[in-house]
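Here's the structure we're looking at; comments come further down.
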């Protein structure tokens, strides 16, 4: 089975639920280094995506394009805008497709990563959400099924968080706290890890998060 | 401190509703606020934007003679890409747009994205970033500095030039030179609290202040015991004057701003000293502004902005305008 | 909250020094501040006064078109008899003086003493007290009510009439009618701290508010949990409209004022609701004013003032003036 | 011996010292009912009178007139203005005199009391400084020497404070707290009692409070 809009819709519902549950944890992580709003940012953004979920259609590119528009309207935070960028890249890359093969996921995410770097003026190693995306995208190279993708990306999250924890943040608000960031997880990395945790759960369980 | 709100999530939209109910000159396209009638036909559009929580910055300066449109973000967050696009479109009269906002990563990403998308529609944008906060980076890295209260002076200059019919390149050039000659330093006395949170954004004990702290609580230069008004004035003036500019002059615009909870009376106590200090150095305060121009909600503290004036800048600052928050008085 | 001061005892004098360094139109005779040049010759003088700590009230309204002179007291204390005398003398052009200030025991004692002493010098004074705070006494005891933000509207009306050349009796009569049609209610969210003290003036726990509290922390109507912006707006509008006046009209001036630490954004959130409530009752807000007009230093909270307008009052409110703190905008 | 300007000058120095020492206590008393500034008001006012003490002259009326001017300039609080009124009354009543006989003190103070009532629109029994003055002035009827005056006025202070403590304040800011004022001494009464304590001390000890 490959990825279709049906799976993506379920994923969005899960993401909305996950960010709601993780709001406090992410705010706290951001409060230690930044302005304490990563959780709120993510909860609002995925809440909006979920609430304004586009009508069903099997056009993946169109689906991402709609999501990109919702993002562009709903968020102004750095991390939120990077999510917007990711939606835009996905929309462009999957234009005309009704499925994404699992094996295509890694190259797609690497493209997203590059666009994010260009937009955010960030480099790999700056300890941002982009490093997490890089870890996950790299781990997914040649992965060809959902179960494997779930396992690999979860593993990548843990590894990447561990790898960066004791480094300094070099971008965003956290940059100014430099030394204080050592020993702390980057809130953007944590946010992506929460999302992946949620998305890589048992896909048979339909998240009932529309409330 | 407690807040008079309905829900935190509605803070910005309801604030904008109130603003528009009050100021009938304004219209709104979602999170973009703009002037219904341009102050003149075929002018360069001046567009700004930024997070909420700094009123009257940014949206309060949407007024004849200052900015034409403003993209309004959530509290202390950048404006969305969509609101940037709407603001730009609403200010477009075919003569190009000056994007004039503070140098913050998120804001820049969003305005860049927005203007690139609109370039395809033939709208030409030039960007100028406010970078007046000298505490946020050294003079060698002046382009990394954040924009704070000095932006208000830039609005006025860009707005005046656009109203005179200058083209985009000229508006940009004069305003850029003004930005190069504008410096701000702030000091925080107490934290603000974001809507919906029960704890202040950062800790600053009673009796403790932070010199150079940013308007969102970004770390400053030092944190220590509260000093006297005169000692603070001395240090802030010294720091501002020590920061190099290309062409210092002996006439300045001065903006002494409260961040929120600090009363204007305390600004006046500081101004008493500041006016003497500048006089001693042979500097004339040609345009003195004292009051609430750029806030951080209920944060305690002040910022001091100096802009070295040449004739063009001074004339632009004195040009007619009609904004409640721009009032030179006499 | 921490204060930017030198010493508490110098707070007022240094504040005045700063004000005069800023506003060159003003002169000072000890604790009396007055306009160097009168807005017209042979006019009735408008004199006010009161404690410091409420800036821009009282002294900030010393400006062409509003008051001519102001006696400045210590923080939250009345002006001294001497400063009342100096203020009266400086505003005297032989046409008499309207003494226009808030109904506080000490202030009244001092202005009375001063004007009696000056009557011997042939200066004729008539007194009009601001009594707009409906929370401070019931309608049957309206003359016991304290004066708060509504005073600003009275300044403008008296100032406009005097500028038109009206005589003292006429200025007094029209302004007195305006006062009779002016009502304010405030709500406090947090206490201010007086300069030199280390504790707040009164206790108001986080999450707790007091409806009707006075601008010095005088007790109000009820103290309870913080409510939503809309609920507060509803109650305040209801209370104002329920208070009887001789000739209610369906056009009002509205002043929504922050006491200090409450940001203007929150006023706008309230205004969104207030504007709808008044519209529902068929009342037009002809003169909407939102911002910092009467403070209590860093106190959190707001006040809402309504004045029922007739043609004379509306014209006077719209008459030209040149005061930073009086800005109708559009 | 009767009262001359020399004695009054010493009294002023003592008053300045006494109000400085009592500042906190008076502020606290006022904070319970009013705006917490009675101590500051008194310290500033008597500090100003002491610092700006008129040049020596034996003209009592002139001395009080000078003091009245200093008061008129230095205070704007209710209590301060009542002090101003008292100086004005004394100036008028002692015009041309170089001494005040001890036996004249009581009628003088009763006159002051009446003028204060007129100015403050207060009645006897409202629990204000005026009740204290009334108590003292009444106690001094027919008193003809310093030692007796000291003893009687101190006694009157204690009696009056005791008498009023459990009544309600009916004037000034405290009026609005009505019930809460029961059991509390009125700050203005306390202030006058502190002054009398200081003035009625051993008159041989020159208070060295000019610093």
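Letters are used for the chains, namely A, B, C and D, taken in the order the chains are written, and counting of residues starts over at 1 for each.
Operating definition for what follows: contacts are C-beta pairs under 8 Å (C-beta built on N, C-alpha and C of every residue); 3 or more make two chains touch, one makes a residue touch a chain.
Because the structure is a prediction, the values reported are computed rather than measured.
Q: Return the chains common to the contact lists of subunit A and subunit B.
A: In this structure, no chain contacts subunit B and also subunit A.
Q: What whole-number Å value describes the gap between the mean CA coordinates of subunit A and subunit D?
A: Taking the average C-alpha coordinate of subunit A and of subunit D, the gap between them is 75 Å.
Q: Report the inter-centroid distance (CA atoms only) between subunit B and subunit D in whole Å.
A: 54
Q: Measuring from the mean C-alpha position of subunit C to the mean C-alpha position of subunit D, what distance in angstrom results?
A: So the centroids are 33 Å from each other.
Q: Listing for subunit D: what residues touch at least two other chains?
A: Not one residue of subunit D touches more than one other chain, so the list is empty.
Q: Quick one: which residues in subunit C touch 2 or more of the other chains?
A: Not one residue of subunit C touches more than one other chain, so the list is empty.
Q: Answer with line, ring, star, complete or other to describe the graph linking chains that touch.
A: Contact pattern: an open line, chains touching in sequence.
Q: Looking at the whole structure, which two-chain pairs count as touching?
A: A-B, B-C, C-D
Q: What residues of subunit B sit close enough to touch subunit A in their complex?
A: 9, 30-31, 51, 73-74, 76-83, 85, 105-107, 109-110, 112-113, 136, 194, 196-197, 201, 216-219
Q: Spell out the residues on subunit A that touch subunit B in their complex, using ranges where they run on.
A: 35-37, 40-41, 44, 69, 71-78, 80-82, 84-85, 119-121, 171-173, 176-177
Q: Show me the residue ranges of subunit C that touch subunit B in the complex, using the header's touch definition.
A: Residues in contact with subunit B: 1-6, 11, 14-19, 21-25, 52-53, 55-56, 60, 189-190, 206-209, 226, 228-230, 232, 260-272, 275-276, 288, 290-292, 295, 297-298, 300, 302, 322-324, 327, 329-330.
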